[in-house]
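Heads up, the next two complexes both have chain A, just with different partners, chain B and then chain C.
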Partner chain A sequence: MPVYILGISALYHDSAAVLLRDGVVVGAAQEERYSRLKHDASLPVRAVQWLLSDAGITASDLDHLVFYEKPLRKFERILATSVATFPRSWGAFPRQMRSWLGDKLWLRSTLCATFGVRPERVLFCEHHLSHAASAFYASPHAEAAVLAVDGVGEWATTTLWRGSGTTLEPIAEVRWPHSLGMLYSTITAHLGFAVNEGEYKVMGMAAYGQPKFRAEVDQLLRWDASGGYALDLDYFSFHWHPTRSGTPALERLLGPPRFPGAPFTPAAFPGDATPEQVADSQRYADVAASAQAQMEEAMLRLVAHAKAAVGTDALCLAGGVALNSVANRRIAKEGPFAHLWVQPAAGDAGGAMGAALWVWHAVLGNPRGPALSRPDLGRITPVDRAREMLTDLGAKFEVVDDPARSAAADLAAGKVIGWVQGGDEWGPRALGHRSILADPRSAETKDHVNARVKYRELFRPFAPAVTVEAADAWFDIPEAAREPVRWMLATADVRPEKRAAIPAVVHVDGSARVQTVDAGASPLFHRLLSEFGALTGVPIVLNTSFNLKGEPMVSCTVDAMASFHRSGLDLLYVDGFRVERPR
Partner chain B sequence: MGQLRRALLTPVSEIAWRLPGWPRRLLAEFSLAERGSMVDMLAAAQATPRREMRRKYFLHALDEGRHATIFADRVRALSPGRADRAEAVIEDAGLLQDHGIVGGQTLFERLGELDFLAFVYVAEADAVEQFGVYLDRNLPDAETSASLRAILKDEAFHVSYSRAECERYRKDGKPVDQAIRAVRWRRFKEGWMRFTRDFGEWTSGFWLLVLYFVAVGPFRVLARVETGGWKVVARPGAAGLAAARLEG
Partner chain C sequence: MSTQDPASYEPTRVEAWLLRLGTAGALLAMLSRGGRWWMLPLTLLFLIAGVGLLFLQSIHYVAPFIYMVF
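Coming up: the complex of A and B.
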């Protein structure tokens, strides 16, 4: 009888579920793709339904269900923080207690009732252990230093582990409220973006500024002789205020915060903004650049400490901060490790995978298996179902024998296409399964896709996808970043002589968040790139997630059709069908 | 029922549209509701066993998505460069869940096809009535009124197709009137539940605040915020099933 383990992450943000069969990931799904609520935090009921039905089992076949946190320890942290910050925490306390006393505290029974499993089969894994396990056990490395950096779980905000075979040995941790993740999120909020959503926009904005506020942001963070850090809590209120993460002292230090949705018109593209508006935008860009530079150097310090403490050749990174692709590039390029591994869903969603792998390897004592190699671990729409849906929705479509060749020809003709093939991607990046694709050779493509297709801010850059064979000719990829660039989790410099050929995917600083595509993991997408290369001499396409602003990536045919109708896409490819735009 | 509702709507609308900042809030709430409806209609398009209904639900969903955008654009137009609760609503899809608009089972899954259609019919008819009151009383500004008129045409179509589908069920001998009554009762009950939930939250918040000052405060002298820096972890490495079952 095979052993089935279901990993669950939920109740904070980005809930997800992962199913293992004899230690092998058979499916991984994020609830937002089903509920259509971006960063959906609720228990992943629909994701689990799909995973179980796809595997042909029911909840009674599950040997273990493991949650990615220890809820009582987290409650202890919340209560202790409320006491320690009395009376400033008066606004947060009633909200938190209502939420915890209402449901989160009774998690075991909620999980049993929701998913239909017996109480003795429900397990709990620490938050940072889930992160660390998600990176280490999914990696190809038998020995590695493992660094998890995020906002917070139970108490830990940064943890260092020694991974060896099937064991993860904790070495040291930094504890709440001292948190690099919360520091970056506070800056994110200061710059007018939503926390847990807009952090990557700060990364994009940073390229338009200079780190002129470096001295100021350095006041927020202190380092000690042992390589650990502490926040200056006078500037932060996230640990006691119900909604605000920075204090007035932060505003005095960095200037007034940016309003959400305010136009961003820095000196690089002022448009018809007034000089005051340009100056304001430039200041925000400079704050973003300063915070980003600080984060990169903080990560380099932590990585140096990890090398000194563990001494392996490989580093596995996890936690939301590991999604900072610019910092990952610097770690790969300047850090002491020869190999860097980041799991595609490095944030909280990935905790579901880590918790499940931890049970299989560390609790049940089973040996390691092959590393995670494919991104398309989510829902697949059967071709017959897709055809039926397209017909019933009144789509004008044709069957194409070779979608890769057909799509490449359309892209070369300047069309912007929606591309839905196989299963959903695991993690926040579209990696050629739920993507919007465009020709990168024209500079106008970027503005067109931002403004007319995805309806989002003009400063947001787009990523290139390139065949792994051609990657080095176009991009200067650090040797240690070979694995992260497979999941679009590290940036690389576009080679200077190539930048003019692909202006739509070159960021203002000459970098790109490149994805290398190999034929083994994504054969159809690899062939599309090859076909496009044969037609144009450029084996690269602009690749961005197939979603509209504020919405999760599309998952099924109906979602794809709805986004197609509501966007400025020219064509839609769904599992071998070429759909034309309705008139 | 209609007259009573209209009689209640009129004074409430008069007040709501004249309070400073409230038009933005109302429009933001409408945007949120329309976006939630889009999610529900797309879920229905996917789940319905009646293939001929898929396109109708799908087109309805596209209308709702467009309306959500129109309302959101009006919110932004009425509050240029400002950030307040209204903006937060239109920018943060998570609020759909907080407001109980979507989340858990979809409306279609909960109701089934007939009750779902009855729900659509009742909800759209109510919206037509509500927007009609706003326009009759000249409450919104001119541009918002123009947007409302355009939206009303779509809503009227939604009423007519959902009513026609209900009639089709009636010809098949299905209890349509019962479904409509059940939906009206359900909407009333859900409104009441929302009110009681909000009231309960307020009340529990008050008592928790009392508890905070009475019971939490005294322990302040014993508590300290953690210091920063690396802490050596002395947790046992054992990872047996018994340890894994612990929640703390």
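Coming up: the complex of A and C.
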């Protein structure tokens, strides 16, 4: 009888579920793709339903259900923080108590009732251990230093582990409220973006600025000789205020915050903005550049400490901060490790995978299995079902024998296409299964896709996808970043002589968040790139997630059709069908 | 969800309450093990003070002073 383990992360943001059969990931799904609510935090009921039905089992077949953090320890932290920051915390306290005493505290009984699993089969894994496990056990490395950096779990905000075989030994930790993740999120909020959503926009904005506020942001963070750090809490209120993360002292230090949704018109593209508006935008970009530079150097410090303390050749990263692809590039290029591996769902969603793998290896004592190698671990729509849906929706479609060749021809002809093939990607990046694709050879493509297809901010860059065979000819990829670039988790410089050939995917600083595609993991997407290369001499396409602003990525054929109709896409390739826009 | 699977576990009302009691016990045990018994009276005090502040804030001539204090 196979052993089934269901890992769950939920109730903060990005809830997800992962199913293991005998230690092998058979499916991984984020609830937002099913509920259509971006960053959905509710218990992943729909995702679990899909995982169980796809595996052909029911809840009674589950040997263990494991939740990715320990709610009682988290509750203890919230109580202790409220007491320590009283009376300032009195505004947040009633809210938190309502939420915790209402449902979060009683999670064991909620999990049993919701998923139909007996209480003795329900386990809880510490938040940072889930992160560390998601990075180490899913990696190909038998020995590694493991670093988890995020906002906060129970108490820990940054943890270092020694991973060896099936064991994860804790080495060091930084505890709440001192948190690199919360520092970056506070800057994110100061720059007018939503916390847990806009951090990657700060990363994109940073390229338009210079780190002119470096001295100021350095006042926010102090390092000690042992490799730990502490925030200057005079500037932060995230630990006691219900909605604000920075204090007035932060505004005095960095200047007035940016209003959410305010136009961003830096010196690089001022448009019709007044000189004052340009100056303000440039200041925001400089603040973003300063915070980004600080984060990169903070990660380099932590990585240097990890090397000194653990001494392995490989480093595994997880936690929301590990999604900072610019920092990952610097870790790969300037850090002391020969190999870097980053969990593709490095944020809280990945905790579901880590918790499940922890049960299999650490609790049940089973040996390591194959590393995670494919991105398409989510829902697949069977071809017959896709045809049925398209027919029901009255779509004008045709069957294409070779979607890769047909799509490559359309892309070469300047079409912007939706590309839905196989299973959903695991993690926040579209890796050629739920993607919007376009020809990268024209500079106008970027503005067209931003403004007419995805309806998002013009300053945001697009990523290139390239065949792994051609990657080095076009991009300067650090050796240690070979694995992260497979998952679009590290940036690379576009070779200077090639930049003019692919202007739509080159960021303002000459970098790109490249994805290398190999035929083993994504055969159809690899062939599309090869076909496009044969037609144009450029084996690269612009690849961005198939979603509209404020929505999660599409999952099934119906989602794809809904987004297709509401966007400026020219064509949709979905599960072997080519769909045209209605005239 | 569990209703779709007749073999799956569905706690009775009594079982659900017992699970909650178990959770409360586990919380007390955790605070005890961690030497955090001191948090219980403080938390109670906190709750009472919070209710008091909410009450005082509702009195319009006292509210500005409460705002100034915090």
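To be clear about the criterion, the second predicted complex is superposed on the first by the 583 of 583 C-alpha atoms of A that agree within 3 Å, B and C clash if a C-alpha of one lies under 4 Å from a C-alpha of the other, contacts with A are read in each partner's own complex, and residues count from 1 in each chain.
The rule is simple: a contact is a pair of C-beta atoms (placed from the backbone, for glycine too) under 8 Å apart; a residue touches a chain by one contact, two chains touch by 3 or more.
Everything numeric in this text was worked out from a predicted model, so none of it was measured.
Q: Output check: A:T58 vs chain B and chain C. Expected answer is one of first, second, both, neither. What do you get?
A: In the superposed model, A:T58 contacts chain C only, not chain B.
Q: Answer with first, second, both or neither: which of chain B and chain C does A:M389 touch in the superposed model?
A: A:M389 contacts chain B only, not chain C.
Q: According to the contact criterion defined above, which of chain B and chain C contacts more residues of chain A?
A: B
Q: After the superposition on A, what does A:M561 contact: first (chain B), second (chain C), both or neither?
A: The first partner, chain B, only.
Q: After the superposition on A, what does A:T114 contact: first (chain B), second (chain C), both or neither?
A: The second partner, chain C, only.
Q: State whether A:H39 touches chain B only (first), chain C only (second), both chains, or neither.
A: First partner only, chain B.
Q: Check whether A:Q49 is in contact with chain B, with chain C, with both or with neither, and answer first, second, both or neither.
A: second
Q: Let me test your reading of the model: by the given contact rule, A:R88 touches which partner, first (chain B), second (chain C), both or neither?
A: second
Q: Between chain B (first) and chain C (second), which, if any, makes contact with A:R73: first, second, both or neither?
A: In the superposition, A:R73 contacts both chain B and chain C.
Q: Show which residues of chain A both chain B and chain C reach, each in its own complex.
A: 45, 72-73, 76, 80, 82-83, 86-87, 90, 93-94, 97, 107-108
Q: List the residues on chain C that touch chain A in their complex, please.
A: Listed in rising order, the residues are 1-2, 4-5, 7-11, 16, 19-20, 22-23, 26-27, 30-31, 34, 36, 39, 42-43, 46-47, 49-50, 53-54, 69-70.
Q: Using the touch rule from the top, collect the residues of chain A that touch chain B in their complex.
A: Counting only chain A, the residues touching chain B are 35-42, 45, 66, 70-73, 76, 80-87, 89-90, 93-95, 97-98, 107-108, 120, 122-125, 155, 159-160, 167, 169-178, 192, 194, 222, 224, 226-231, 233, 239, 259-262, 305, 358-359, 362-363, 388-389, 392-394, 550-551, 556, 558-559, 561-562, 565-566.
Q: Please name which positions on chain B make contact with chain A in the complex.
A: Touching chain A: residues 38-39, 42-43, 45-46, 51-52, 54-55, 58, 61-62, 65-66, 76, 81-83, 87-88, 91-94, 96-97, 102-104, 201, 204-206, 208-209, 212-213, 216-217, 219-220, 222-233, 235, 237, 239-241, 244-248 of chain B.
Q: Contact residues on chain A for chain C in the complex?
A: By the definition above, chain A touches chain C via 45, 48-49, 58-60, 72-73, 75-76, 79-80, 82-83, 86-88, 90, 93-94, 97, 105-109, 112-119.
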